[in-house]
C-alpha cells in the first residue's frame, strides 16, 4: 500500500501544473450559463485542446494523450488547484463519450468525438422528463419508426437538460416500443438542438442563471446513423452513463480539495470574528481529504480491473453533502455579509443541486442499502 | 396563564391572512426583485391601512400601541406570503429607535423607512424607495441616502450601502429596537418555514415516482415530519420572547427565538428543495422566493452565532 | 396571550418550592433499579404522599389535592429544579392511573389508586413481547376464559417491562380471542407479579442496572375483578395510555430545564477548556426552553377542552432527542474524563432509551407525517 | 501508487481475522469487565505469538519492524472483535515512547504494558495486570503503579489513577508515540463501527414489525446507508495517515483520521442501538460491548476537539 507517484507521473504533474499556471485566466470567467461566459468557456476549451489537456485519457486520434486513470486524477487535482474554469464540455466528455467509446460505431466515434473534445460542439444531457425525475424508467417521450426515411420520429418533452440553453447537440432516451414495460423498449438518440421540430426553453435557476432548459420535440427526424447502440437497448446503454455520472468521473476530488483550501484561507482572514465556524472548516477539510484518498482507492481498484458498482452511490452522497457543507461554512465565515452575492453564494446555490441531480440522494441511499448492505427492496406501489 | 392567542389576536391574524391570500404577493415580490416596486408599494399601503406599520408605535405618537405579540403575528404572515420591502426596519426597528422623534408618526401612517445598523445589518434595505433612511454608527442615528447597490441571494432584498447625512435627534432605545427587529425577523422566518413546509407537503402528495406518490416514501415523510417538529417548537419561543420583550430576559429570549427560528426555517428550505427535486431549483417555481429569503434572513439582524453568544452571555451572567 | 400565574398558582408554587427545599435528600438516592435504591425511593414516595405532593392533580380521596393541570406543571418544574428523586411510581401514576380513572370500576379505583399514589404498591408496565416491540397489535400472549373460576388464564411472555424487577403488580394486554385480527380481541389485565405461574427475569441494561425485566406467564389465573374495561376492548383501553405515555405526562419540562441549568453550570466550570461545546450548551438550553413554552401551550389547549392528538408524537421526538443532546454536550464538556461514570454518563445512557421506548421515534415520525401532515400511509407488508 | 493492501497485508489481516473469529472474544471481554482477566490474557498471548505486540518495534529491538499500515490492520481487527486489554498502550504508544529502552523488547514479546499520559489519557488502562506501567508528566516518563480504580462507561476499560514511581530513561519520541496511539485508536473505532453496522444489518434482515422485515423500511435503510458511507470514508483516512506517519503531515493526518473515525463509529453505534430497539439497550446482547466501547474511544487518546484543533493548527500554519 502506497501513495507514491512514479517519476513519469511526477513529470506529468509538473508539466500540467506549469502549463496551467501560465494559461489559466487570472480572473474567473463569467458563468458558462450566460451568453458572454459561454463564448469565453468555449475559447478556453480550444486552448486546452491545443495543449492536449482537454481529454488527457482519450486516444491520441481524438485529441487525447492516452493518460492513465492515475494521471487523469492528477490532472484534475492540478486543474482545480489552479482555479481553472469549469468545463463547459463536461456533459459530453464525462457522460456521453464513455458510451460512444463502448457502444458507438467507429463512424460515430470519428464523427462525434473530436469536436466534443475540442469544445466546438457542446453536448446537452436530455435525461429527465416532467413526470420522470429520478425515475428514468418511466419516460414517456416517444420514438416512432420511419422506415421510409431510415430513422425515427421523436416527440415529447425533456426537462432539466443541463447546458441545453446554449449547447449544439443533445443526447437522451426515448420510448421506441410503446408496448414494452419501463426499462424495455427505450432507445438512445443523438440529435442537433437546432433540428426542425426542436424548441429549447431555458429555465431560470435560483441564482438567475440558465444552466438548464426544457427541450420540446415535435416530429423530429433522427436518422439511424444517430442512434447509439441497438434500438430498444437504450436503458442498458444509458445505465453505463448513470453509473459514470454518479461515480468517479463527474466530481474529481481536486474540486473539493481546492474549495477546502479556499475555506482555510477564508478562515485565516475571518476566523477570529467567527470562531463558531471552526468545526465546519476542519470537518469539511477532512471530508475533502477523505474524498481524495477514497478516490485513490477507487482508482487503484479500477486500474486492477474492478468496476465502480454501487460504490458510485456512496461517492455521490458523500461529495454532494460535502459540497453543501463546504459552502455553508464559507457563508458562516462571512457573517452578516453572507447574503451578498459572491463566489461563496454562487458555489452555495450550485451545491444545493448536488443532492438532487444525477439521481437524488434518497435513491442513492436506497442503492447503498439494497446493493451494498443487502437489505430487502421496498414494497412497490401498484404502478410498478 | 393562557399561552395562546386571544380572540382579538386571532381576528387580527385572520384579517391579515385574508388580505395577503387574495393579494398577488408573489407577483409583487417578483416585480420588486426586478426593481418594479409599484405593486409592492401598493401592498405596503394596504397593510399600512390595517395598522401593520403602527403596531408598536405608542398611541400618543399616532400608533396602535399594540404588544410584540401582534408584531410577531404580522411578521409571520409577511413571511408566509413573501411580502417584499423594509418591513422589519419600518415597523419594528425604527419606531423603537427613533423614540419620540415625530418621524415615528409618519412611519406609523405608512411612510417607508429603512436603516443600516452595522455590524449586524450593514446595508439599508430598499433605501432608494424609502422616505426616511437612516444609518446608525456607534449609537448615533443619522439620516442616510442610498449608496452602492449590493446584490443579495434573495433578489427581493434590494440592499444599498448607506451614505450618512445629518445626525437625527432621538431618545430611542437602540437595544430595544434591535430586539424588536430580531424578533420580527424570527417571526418572518417562521412564516417562511411554514410556507415551505406547506408547499412541500402539497407537492409530495401529488408527485409520483416509481409508481407511487413520493409522499408515501418514509424518507420523505420523516424529512417533513422533522420540519413540522422543528417549526412547532419555534412558535412558542417566538411568542414567549414577545411576552418577555420588556423584561430583563428580553435579549436572551429574543435571541433564542431567532436562533431556533432560523434553524427551523433553514431545515424547511433544505427539505422543501430536496423533496421537490430539480423543479425546486428553478426561479419559475414560487418555492424559490422562500428558499432564497430564508437563506438571507438567517443572517439578517444578527447571525445565529451572534444570537447564540447573547444567549450564552445571559445564561452565564444569571445567578445559578 | 400571557404566561402569568394567578396569585393562587404563585402561592402553590412557593409552598411546593419551600417543601421541596426542606425535604429533598441532599445526596441523590442510589438508582431505583438497585435493591438498595428501590427501598429509599419507596420511602421518598411515602414522604411525598404525606405532604400531598405525590399526585397533586388527583382527587382528594386518593391522596391528591385536585390541582389544575397548570399547577401540575408548576409542581413538576419545582420538583426537578429541586433535584428531587426520580419517581419509582411513575408507570402506575402516569400510565395506568389515567386508564383506571377512565375505564375502571369504582371498586377498582378504590382498591388500586390509594396504594399506587403512596408508592406502597409499585406497578410495572408489561407491554412489549419479544416479537412485538413497537408493534403492539401483533401481541401473542394469550388469555383463555375460565368460566368455572370466573376469570382468565394467562400464558406467554412479556419483555422490556420497566420496573418489573422489583415491582409488585403489573398491567398489560393479552390476546383473549385467538380468532380476532391484530387490534381486536385483546383484553387489559392487572395482576400481582408474585402470582402463581409468573416468573420475573431482570434484564441487565447498558449501564448494568435492571430497570427492565422479562415476565413469563404459565397458566396464571386472573379473576374478572382484575380485568380493566370490557374483555376484547383492550386495544381501545390501552391506546389512551399510549397517547398519554407519548404525550404530556411522561416527561415534564422541568426535567429538561433542570438538566439544561446543570449544563450551564458545567459550562461555567469547564467551558474555557472546551469552547467547542458552546453551541451544544446554547442549543440544548434553547431546546429545553422551547419544550417548556410548548408545554404551556399544550396545557392551555387541554385546559380549554382540547386533546393531545398526534401532538404527543411531536413532543416525544423532541424531548427524546433533546435529552440525548443535553447529555452528549455534558460529555463534551468533560473532555478526557467523559468516559468515567458520573451523573452525566448515567443520564447519557438513560437518554439513549428515549428515542426507542414508548414507540420508537421512527414510528412517531410516521404518525406526525400521516396524521398531522396528511401524507399517505405506507404500503404494508403481506403480514398485515 | 497502489492505495490498497498488498497481498502480504491481506494475508496478515486474514490470519488475524481467522484467529479472532474462532476465539471467544466476547466471552473474554465480558470476563475482563468482571475482573476475570485470564481469558483475555490468554488471547493476548495468542495475538502476541502472531506478532501484534511487536509490529512497530524495530527489528533490532526484537520487533517486526512493520509499518503503521500493519498496525491499523491489527487494530481494526481488535476493534471489530471487541478484544479487551491495553493494546493501544502496549503495541502502539510504548514502543515509540520508550525508544531504545530494552523494555521495548519485552513488550514486543508479549509483556503487558500500559501508560497514563495526561491530559489526553489521564488513567492507565489495566494497570493492575500490566508488567510495565508508566506515567508521563511534562515529557518525563516514570514507572507507575495502579492507584484508585475508575469506572468507565465501557466496563472492559479497567482504569486506574497512576501512582508515579521512579523515572525511566528513554530516548523515545512522545509526539510520535501519541500519533501512533491516536491512529491505533482510530483503527479500533473503525473496526467497532464495522461490527456495529454488521450486527445492525443482520438484525434488521430478520426482525419483523408490522408484517415485514424492518430492514425494508426506508428510514432504517437510509440510517444504515449513512453509516456505510461514513465508514467507507474513514478507512482511506486511516490508511492515508498510516502512510504519512513518518512525514511532516503526520499530526494533521492522524488527527483527521481520529476525528472522522470517531464520528463514523459513533454514528454506527447510535444507528445500531436505534434499529435494535429496546433489545439493543441490554447488556445481554453482545451489541452493548461495542456501543459502550465506541463511546469511550471517542474521547480516548485525544477528544474530537483536541484532534480538530491539531488539524486546524496544521492547516493555518501551512503555506497557502
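Here the chain labels run A, B, C and D in written order, and each chain numbers its own residues starting at 1.
The working rule: a contact is a pair of C-beta atoms (placed from the backbone, for glycine too) under 8 Å apart; a residue touches a chain by one contact, two chains touch by 3 or more.
All figures in this text were calculated on a predicted structure; none of them were measured in a lab.
Chains touching both chain B and chain D: A, C. Annotation: omitting chain C yields no split, and the remaining chains form one piece by touching. If you average the Cα atoms of chain A and of chain B, the two centres end up 38 Å apart.
In this assembly, the C-alpha centroid of chain B lies 39 Å from the C-alpha centroid of chain C.
Residue positions 276, 278-279, 362, 365, 379-381 of chain C each touch two or more of the other chains. For chain B, the set of residues that touch two or more other chains comprises 212, 216-220, 222, 308. Taken pairwise by the contact criterion, the protein chains are fully connected, each one touching every other.
Against chain B, the residues of chain A that register as touching in their complex are 128, 131-135, 138, 159-160, 203-208, 212, 274, 276-277, 331-332, 335-341, 345, 348-349, 352-353, 355-357, 360-362, 365, 380-384. Chain B contributes residues 1-6, 9, 69, 197, 201, 204-205, 212-213, 215-218, 220-222, 224-226, 228-229, 232-237, 239-240, 243, 253, 256, 259-260, 308, 311-312, 315-316, 320 to its touches with chain C in the complex. Remark: chain D residues 217-219, 222 touch chain B in the complex.
Residues 275-276, 278-279, 379-381 of chain C are the ones touching chain A in the complex.
Taken together, the chain D residues at the contact with chain C in this complex read 119-123, 150-155, 157, 159, 208-212, 216-217, 219-220, 270, 273-274, 277-284, 288, 291-292, 295-296, 298-300, 303, 305, 308.
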